[in-house]
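Sharing a structure, written as structure tokens. Questions coming.
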Amino acid sequence: MTISIGILGATGYTGAELIRLLHVHPEARITYCSSRQYNGKPISAVLEFLKGYFDMELEEFDASAIKSRCDLVFSCLPHGVSMAFIEQVIDSVKVVDLSADFRIRNAHVYRQWYQEHTNPGLLSQAVYGLSEVYAGDIGKARLVANPGCYPTSVLLPLIPLLQDGLIEAHGIIVDSKSGVSGAGRGLSLKAHICETGESFSAYKVGHTHRHVPEIEQELSSAAGTSVSIEFTPHLIPISRGMLSTIYVKSPHTGDELKNCLQAFYRGKPFVRVIDSLPATKDVRGTNRCLIHLSKNETSGMATIISVIDNLTKGASGQAVQNMNLMFDLPEAAGLDYVPVFP
Amino acid sequence: MTISIGILGATGYTGAELIRLLHVHPEARITYCSSRQYNGKPISAVLEFLKGYFDMELEEFDASAIKSRCDLVFSCLPHGVSMAFIEQVIDSVKVVDLSADFRIRNAHVYRQWYQEHTNPGLLSQAVYGLSEVYAGDIGKARLVANPGCYPTSVLLPLIPLLQDGLIEAHGIIVDSKSGVSGAGRGLSLKAHICETGESFSAYKVGHTHRHVPEIEQELSSAAGTSVSIEFTPHLIPISRGMLSTIYVKSPHTGDELKNCLQAFYRGKPFVRVIDSLPATKDVRGTNRCLIHLSKNETSGMATIISVIDNLTKGASGQAVQNMNLMFDLPEAAGLDYVPVFP
Amino acid sequence: MTISIGILGATGYTGAELIRLLHVHPEARITYCSSRQYNGKPISAVLEFLKGYFDMELEEFDASAIKSRCDLVFSCLPHGVSMAFIEQVIDSVKVVDLSADFRIRNAHVYRQWYQEHTNPGLLSQAVYGLSEVYAGDIGKARLVANPGCYPTSVLLPLIPLLQDGLIEAHGIIVDSKSGVSGAGRGLSLKAHICETGESFSAYKVGHTHRHVPEIEQELSSAAGTSVSIEFTPHLIPISRGMLSTIYVKSPHTGDELKNCLQAFYRGKPFVRVIDSLPATKDVRGTNRCLIHLSKNETSGMATIISVIDNLTKGASGQAVQNMNLMFDLPEAAGLDYVPVFP
Amino acid sequence: MTISIGILGATGYTGAELIRLLHVHPEARITYCSSRQYNGKPISAVLEFLKGYFDMELEEFDASAIKSRCDLVFSCLPHGVSMAFIEQVIDSVKVVDLSADFRIRNAHVYRQWYQEHTNPGLLSQAVYGLSEVYAGDIGKARLVANPGCYPTSVLLPLIPLLQDGLIEAHGIIVDSKSGVSGAGRGLSLKAHICETGESFSAYKVGHTHRHVPEIEQELSSAAGTSVSIEFTPHLIPISRGMLSTIYVKSPHTGDELKNCLQAFYRGKPFVRVIDSLPATKDVRGTNRCLIHLSKNETSGMATIISVIDNLTKGASGQAVQNMNLMFDLPEAAGLDYVPVFP
């Protein structure tokens, strides 16, 4: 089997990462790439490093072309835009949406944090694409809402612990750090190497980042009760990499907590619970998530460190993993990489 | 007045920073530099960028030379070593110790975290050199224990709030990030640009970093009750800069908390409470500390961000500020810099 | 004496650097800052790290205000714009122009590389502000054309050698590398940390960079014959720093060449000929230029390495040095810094 | 066919890169890894990011084990050490030597630049492993001397032009820039992120770098006459990436020179001659070499820019490419990657 793939909004960082990953995927072939801004040009004129590897012409969005040429579409369009295009093709092709449009199950909450949802009916069909947690549903889904990068780094360590009731559902503090590629290819002083390079800063402090409701939705679902978090994202002066430091209360020992995580991820190809302290470089360019947990038995607080590559497991890698699940391929097909080190 | 200055262990990063700052200080003159490893060489053979600026010959430690040539000595020696040298000169010269040897008031606690203290008698004479908090005592001190970098970034925002009883003394979480220069000039894979560059990681998680007892000592003193914290240090792939993200509980509004901080630091030249989010670059090379506070009124948690340059306000800059206080000079003498931006 | 200073176009990187340097200058005081884009705002709203240091309100360009409030104006305006403003104030105030508008003595050459010159008459009054070479003329000048960064790094090592006829005037190859701040604060993918960070590239190869005619003008003047160079600029993924590697032919020994340079720069505070290999970090934030020369006696080629900070000696630092010369102050007044290391 | 692979000195950067590349190679399987320093440990204890991917136990060098378990050995041992081990196995297994021991055909020249050669007899059997140039010989070789990183970046653009007599053989100037990983995993201040980060410098100027005789040997061979170059290597503050800027004289037009290169590399999978200016990021993690050429028709000088990843095409990637040639596999087997961008 070869899956024919379309990519909407192919010229940004998540599009580029999809192309990198699919280039060596044994069962996938890109047959369609759209770009509103650059249609008519070869994609390698916009992403020059692709020259000679992948020179497909960028097209305007065309629902009928997609339906005739694709089995699955990855949408790398911005939130608010993505849903309008997906609804035109979802009857004929499977979709993995990398935007936020179908992540929030409650249209009211979506409106609070983003904007009015224009297709709430479709919301109920979407499956949240946290692969290790929802693999079964993803396998049967037509529309997968691929998780945000911060949520992925937070949910993978916390969901098993909350599901088993091993940590307290309140008072969770998440201190996350991300490479700048998470903000995309758009221009801003925040991405200017002279301003962000050789520096470190927080942004969107105090429960204001749009990934908060997504994280809280999934934590609440795992805990069976409403969960609120403190969340502070920070910018690391590197391109790729995300590390979340998470503080939780627990009456259980560190070993019990680690055993829970290890049991949950046993046999899963991309998540490892490790004893050493992970660095973002350990997962760079891979679909992996490394988790470290240490317990301060005096205070009862556990400190959890998780690392991912924000563009791979935090975006396009997990999207391909979801595609594998949707087409009943081995979960790690085309994703079994060793990190580019050093 | 010109103060004659000696620097013990002058060839490391804090020594180099002292030389940079004192070079333009209106009232100080370096008259003695020691190095165990490089004595006999000009310091500019070890710190090549000093060539032509400052070529003083490095000498072996010599108590009588120090006594005859110095009014004040900065010790940049490692902990455990520093106290043995300081005790030989403290009867004749003032000392600012940048090591940890006189920071911990309780010799028993010092032994737990470091080693046996060889001069507990001297401990009681030492003043903790957090300039903005202990200015009065520092002014009268012979021996000042210059604070660690992490403690400086944590204590400046928290002490006023604890002293006024505006935040809860338990459940404080400190998530700190530091440039690599904090680890000094020694060689290790942790400082190898290929391993630490383009990466981000935590280290010494779970109440194990040696700055923990120093922070807890001062927070407890401010709160009037024993304070325990969770503390996670991280490495930023840059040379200089430190940002601490601190989570505290409070029944008071964000404005009340900010007012407290603003009142405490009114008229102090180096600490500012600001509404925008500070970056480490905003203070690079300066003796400043910028503090941002935001309150999540729903959860009752405040998130505090503080930034310093770990080598300036976190080490040598604060040491010079303490010298100014000890010699009754204007607090900002020789320290009134604009950051090197960008 | 206190010199009253105006800065035109104060919110870019050279403006920010001027403010940093003048903040500690013993004889200068900034009395006027203009910005077309941000007039009416405090400058610290645009350059946030200045908050509390320097909050002067940005004004629109106003010739009469400048004449009444300033002794000297630094123009940080873009080329093509700068000359139009300078001509309105040059009768009353001295001007150091950091743009290219008065660097090229021949209006025809200026037009070839830039655009039509709108005030060729003023050209003849301008002195090229390479401080170490033209100190005498600069001291008497009303209008100083501050050199470009690449030209400064190339001319300082080459002019003495060409003046003394020690190297061949043809076949000079200049391979230069610059930090990204040289391209200014404007937004472009070239300055995006994800594209330029962790990478290295050349740009404007093959005699196309606008600093070429400026370099060739001054080399020709020094050689007494027309000099053409090969010039390749590159981008280093850092903010500040410039290194030029220059290849020249010479029948003389390396020692003879070094002696020539050392004699030329004896007693000059900012240029040093050194035996070790300089790094850009050795001069970061300073007005220094370090020069290394090695000779391949077999081939007859000398390799010259020079380093400067592109924003300091390559722009605003040299501008202040020129101000010092124009007001008969000590050449190093306000510029005697040790680099921020590490 | 599955080739059984041994790696000698597997824990350095070139060893790690071999493991990354072979992990996804369709026809290779690592069956033996040696380490003098860490034998007995799993390799993932030394290269932690391999944990779970590749945990093979490191063994002492054992010639009989190698002979029984390997078809081919990659030697990542240091020069001077490598030859002593290779001679013990070369009768039974094929070898790709990543050290310099068999690159210099003339034992006398080897002694001048390195040390006494202990097996000059074996020298004559070795084939220089510049894949695109010596593919035929490599295919028949038992012992391949894998080229150095600088030589690879210089020889690929120059050999075709010299072979066709299109450029002058004298006066070639090579200005190269390398990421720090080229210096290996050893500890030194040169690799300390605080010293090398945010900086740029040259090293081993003036015909002193050990890659000079290797480059000159191959250029001379291509030109049919003795070629001497000027060569200056520089350190870029990044981990991976190499860019060489090469200046050559030619009576031919830029188009003629580009046509020669394009004809030479037509159908070769890894080398491209491109019109845009390449960045090291365009080839990061790949086995590619991108070449740009521009001609200054006035001066007769051509400026050539080539980029490679110093650890891939400059070391382990080319080593795998050579393995493919030695086993008659498709040249790009296991090497057809898109770069990790951004």
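Letters A, B, C and D mark the chains as written, and numbering starts fresh at 1 in each.
Just so we're on the same page, a contact is a pair of C-beta atoms (placed from the backbone, for glycine too) under 8 Å apart; a residue touches a chain by one contact, two chains touch by 3 or more.
As the structure is a prediction and not an experimental result, all values here were calculated from the model.
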Chain whose Cα centroid lies at the greatest distance from that of chain D: B
Between the pairs B-C and A-C, the one where more C-beta pairs touch: B-C
Where chain C and chain D are represented by their mean Cα positions, the distance between them in whole Å: 39
Chain B and chain C, separation of their C-alpha mean positions in angstrom: 36
Intercentroid distance (Cα basis), chain C paired with chain A, Å: 46
Where chain B touches two or more other chains, by residue: 13, 181, 185, 194, 198, 237-239, 281, 284, 342
Chain B-facing residues of chain C, complex: 13, 16, 19-20, 23-24, 47-54, 181, 185, 198, 239-240, 272, 274, 276, 281-285, 336-342
Chain C - residues contacting chain D, complex: 171, 173, 175, 177, 194-195, 198-203, 205-207, 228, 230, 232, 234, 236-239, 241, 243, 245, 247, 277-281, 284, 292, 294-296, 298-299, 301, 303, 305, 307, 342
Chain B contact footprint on chain D (complex, rising order): 13, 179-181, 185, 187-189, 191-194, 196-198, 237-239
